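We call the chains A, B and C, going by the order they appear; numbering starts again at 1 in every chain.
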Amino acid sequence: MRNFISVHDVNNIDAMVKKALMYKASPFADKTLGANKRIGLVFLNPSMRTRISTQIAAQNLGMEPIVFNVDKEGWAIEFEEEAIMSGNTVEHVKDAAPIMGKYFDILCIRTFPSLKNKEDDYSELYINQFIKYAGIPVVSLESATLHPLQSLTDIITIQEILNLSHQTSNPKIVITWAPHIKPLPQCVANSFAQWVNKWGKADFVICHPQEYELDDQFTNGATITHQQDEALMNADFVYVKNWSTYTDYGKIYCNDPEWMLTNEKMRLTNNAKLMHCLPVRRNVELSDEVLDSPNCIVTQQAGNRVWAAQAVLSEILQNHKQ
Amino acid sequence: MRNFISVHDVNNIDAMVKKALMYKASPFADKTLGANKRIGLVFLNPSMRTRISTQIAAQNLGMEPIVFNVDKEGWAIEFEEEAIMSGNTVEHVKDAAPIMGKYFDILCIRTFPSLKNKEDDYSELYINQFIKYAGIPVVSLESATLHPLQSLTDIITIQEILNLSHQTSNPKIVITWAPHIKPLPQCVANSFAQWVNKWGKADFVICHPQEYELDDQFTNGATITHQQDEALMNADFVYVKNWSTYTDYGKIYCNDPEWMLTNEKMRLTNNAKLMHCLPVRRNVELSDEVLDSPNCIVTQQAGNRVWAAQAVLSEILQNHKQ
Amino acid sequence: MRNFISVHDVNNIDAMVKKALMYKASPFADKTLGANKRIGLVFLNPSMRTRISTQIAAQNLGMEPIVFNVDKEGWAIEFEEEAIMSGNTVEHVKDAAPIMGKYFDILCIRTFPSLKNKEDDYSELYINQFIKYAGIPVVSLESATLHPLQSLTDIITIQEILNLSHQTSNPKIVITWAPHIKPLPQCVANSFAQWVNKWGKADFVICHPQEYELDDQFTNGATITHQQDEALMNADFVYVKNWSTYTDYGKIYCNDPEWMLTNEKMRLTNNAKLMHCLPVRRNVELSDEVLDSPNCIVTQQAGNRVWAAQAVLSEILQNHKQ
């Protein structure tokens, strides 16, 4: 693995999951692997969980992380080729990225979607420009359309629960759309769909109001339904997530509070575990009672972000070495 | 000691002071105590001295500090139970704190008062919610009503001076209110009073204009006066600090420039040392001449923040171990 | 060397260049030199390259860097003596700097010019106040009128190219003014002139529109011309940089796009290498084709910032030790 941008960069999801769970059991097993290596964590969009968990993962491998919050430190980047830079942008990615490549051994970067121009967002212009010009391995800390570290974390967490319960049959996994007050990216949902589909060890259902269809390059292989009750029936894992519309791009259509997940709805499931990538808006996306129930595994999930990142960085360091 | 929130968390102030002065003499005496431990420094309110000194203290103990400035990185936290989060807050402390507990071994956090709602501020809602939900030791980097790391530092500095002068009788310590242009919290004054009272080795006087009475849960045991001249008479230590009103909460009443400390007033003292927690507004709280005099120990005091923090973190690490 | 503020702090430029290139070949050669030493990187003005490169340089020497972005963390400093601080500034440099001196072993600081008051800017009030009050070695990360780490980097990069080409005769080095949309400091141009003049191993030409004359305390010794074509003729190195007016201070006079550097103009040179300190506004200061040509060495230059900083910090650590 050179870059980690989507599920396509991973040959064997199960091997990655196993590696991550090994690090969870033994965080400092490879404490010298990254010695004298430096990792840049560059945020074009702010972050809490992703920043801290990746920083910890890097330190566990003996690397020195350097955090740079772009929007906070007055550094607006130009991404358009041949731009005449007489406006607000102060530096072109063609000039900025190669320097990252000089300073760091691995570049971790968070970009973001405009939610206005679908074509631009779905071409992943920003992160691809960084890959093109940085000249070192690039790890996505969330891009315009995907969030692969989150999805790897999600699979790790599901596998952990399955190991514990000695379940060997494929679980039923449901991702269900939730109301929100702001138009959010499709990243987490796209990426979760892409990973669960490639993983292939689940009965996978995506459920949302009609207007919130996702790009089928990610969802292909899953059952898609607009009936939440039907979807939840006998589910083993319920992943709750809001996203804005994909077709008529970046909008909030229906925001029906009926889609909020409650304990009553959870009773339809097979005593399902409740997942969310966080941050979550209580009593908007989910009711308090669901989040406070013993079946809620969102803290376990967020904690696992460290081990997902550590497995990915370890993989890149090892390949880099050879 | 599990948490460090107020003087009540400390069994033996003198032992803590001794430990801090040991670290000052030998900063790397316990360089491996915190190996592979991680400390989160979370600021809901910005900081310079507290941030840097705690970061250094943690590094001296071999810990890896991770700083997270909340207000700077777009992460508004909800503290009310059962809130319907359709407003500005993006994450509930019930969800945020447990993740801190996963990522860190010790959580250091700075909260702040509203200065509007006395009941809320004095119930210490914010920091108590973090303690309740984080599941790991919590250290206050200043809360709504107290600033214990500052107060421990203050006692350390006083003890250091007493050791140097071989004074064995109880010193006269005066905290005197000073004018300011903004309504400030009562934290530093509350906390200093609480610590000096528990320490018990001083003739302790609190002096302020009538309207600036502090909560007597902190001041009980001290002599309180509204006559600055009388208070300063024969003082060995003069601590200057502004605070806003407590009774009619969070206001600036009188802001009489006569309360500014000058060298003329210092002549009433027993050649007293001058203390301030910084930052200080020159020629508003104190005159230049006082701050620039050889009796001013504010730099020594700020430097000692490192050793106070190191003693506290060391204590928590040692108890954690057992 | 105690401080590093200008070329006057360096006895032997060639020795510094050699040291930097040694570190480039062997970054961890002095990995223990800075053990248990702490370096503060304080930014009164934001930074990307300078911050990251100095942080890496410090880590390569085993030091622990602590970054503090002043303007981002609500800490406005007063520099005027005897100020009555009832306005926006919250802390005087007389109180802030000595604490830096307690917390750090070396203080690296970036100040900035007002571009309004020439006398104040050219007296370097801010950085000089920090030197006066910090009591520890101070390294300029760019000040009001100079940028010595950049200039040392520039000489390192030029020497590196000369070594590679086995050129022993003095190169022709040209710094040429470029258009920009904002009034920028004269720092980089002043400092480059100061360093190349002291270095003395070049045929050095400064070229700019008539109104953009620099302070002759820095340029004395160089050939100054207003004819860009004439200047570029047979140049071995072309350094492109905008600056605002010095005489009628801080203004944009002519902003003639004819001064933008293009490949056509580069054809006048002796196949010159193209230098810029970055960030650069493409198609305003320089055309895309120049920046994308194989003769452009701006990435090499930015990468060398690490080795310049490492040579400077190493020098200070070694002198400090004795």
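Note that a residue touches a chain if its C-beta (ideal position, glycine included) is under 8 Å from a C-beta of that chain, and two chains touch if they have at least 3 such contacts.
All figures in this text were calculated on a predicted structure; none of them were measured in a lab.
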Task: Given chain B and chain C, the chains that contact each of them - done: A
Open item on the list: Validating interface symmetry: for the copies chain A and chain C, is the fraction of residue numbers used by both over half? Same or different.
Closed with: different
Open item on the list: I'd like the Å distance between the centres of chain A and chain C, where a centre is the mean of that chain's Cα atoms.
Closed with: 40
TODO: Mind pulling the residue numbers of chain B that touch at least two other chains?
DONE: 72
TODO: Could you pull out which chain B residues touch chain C in their complex?
DONE: 27-28, 46-49, 51-53, 55-56, 59, 69, 72, 181, 278-284, 288, 291-292, 298-299, 302-303, 306
Task: Footprint of chain C on chain A - complex, ascending - done: 36, 38, 40, 64, 66, 68, 72-75, 78, 82-86, 90-92, 94-96, 98-99, 101-103
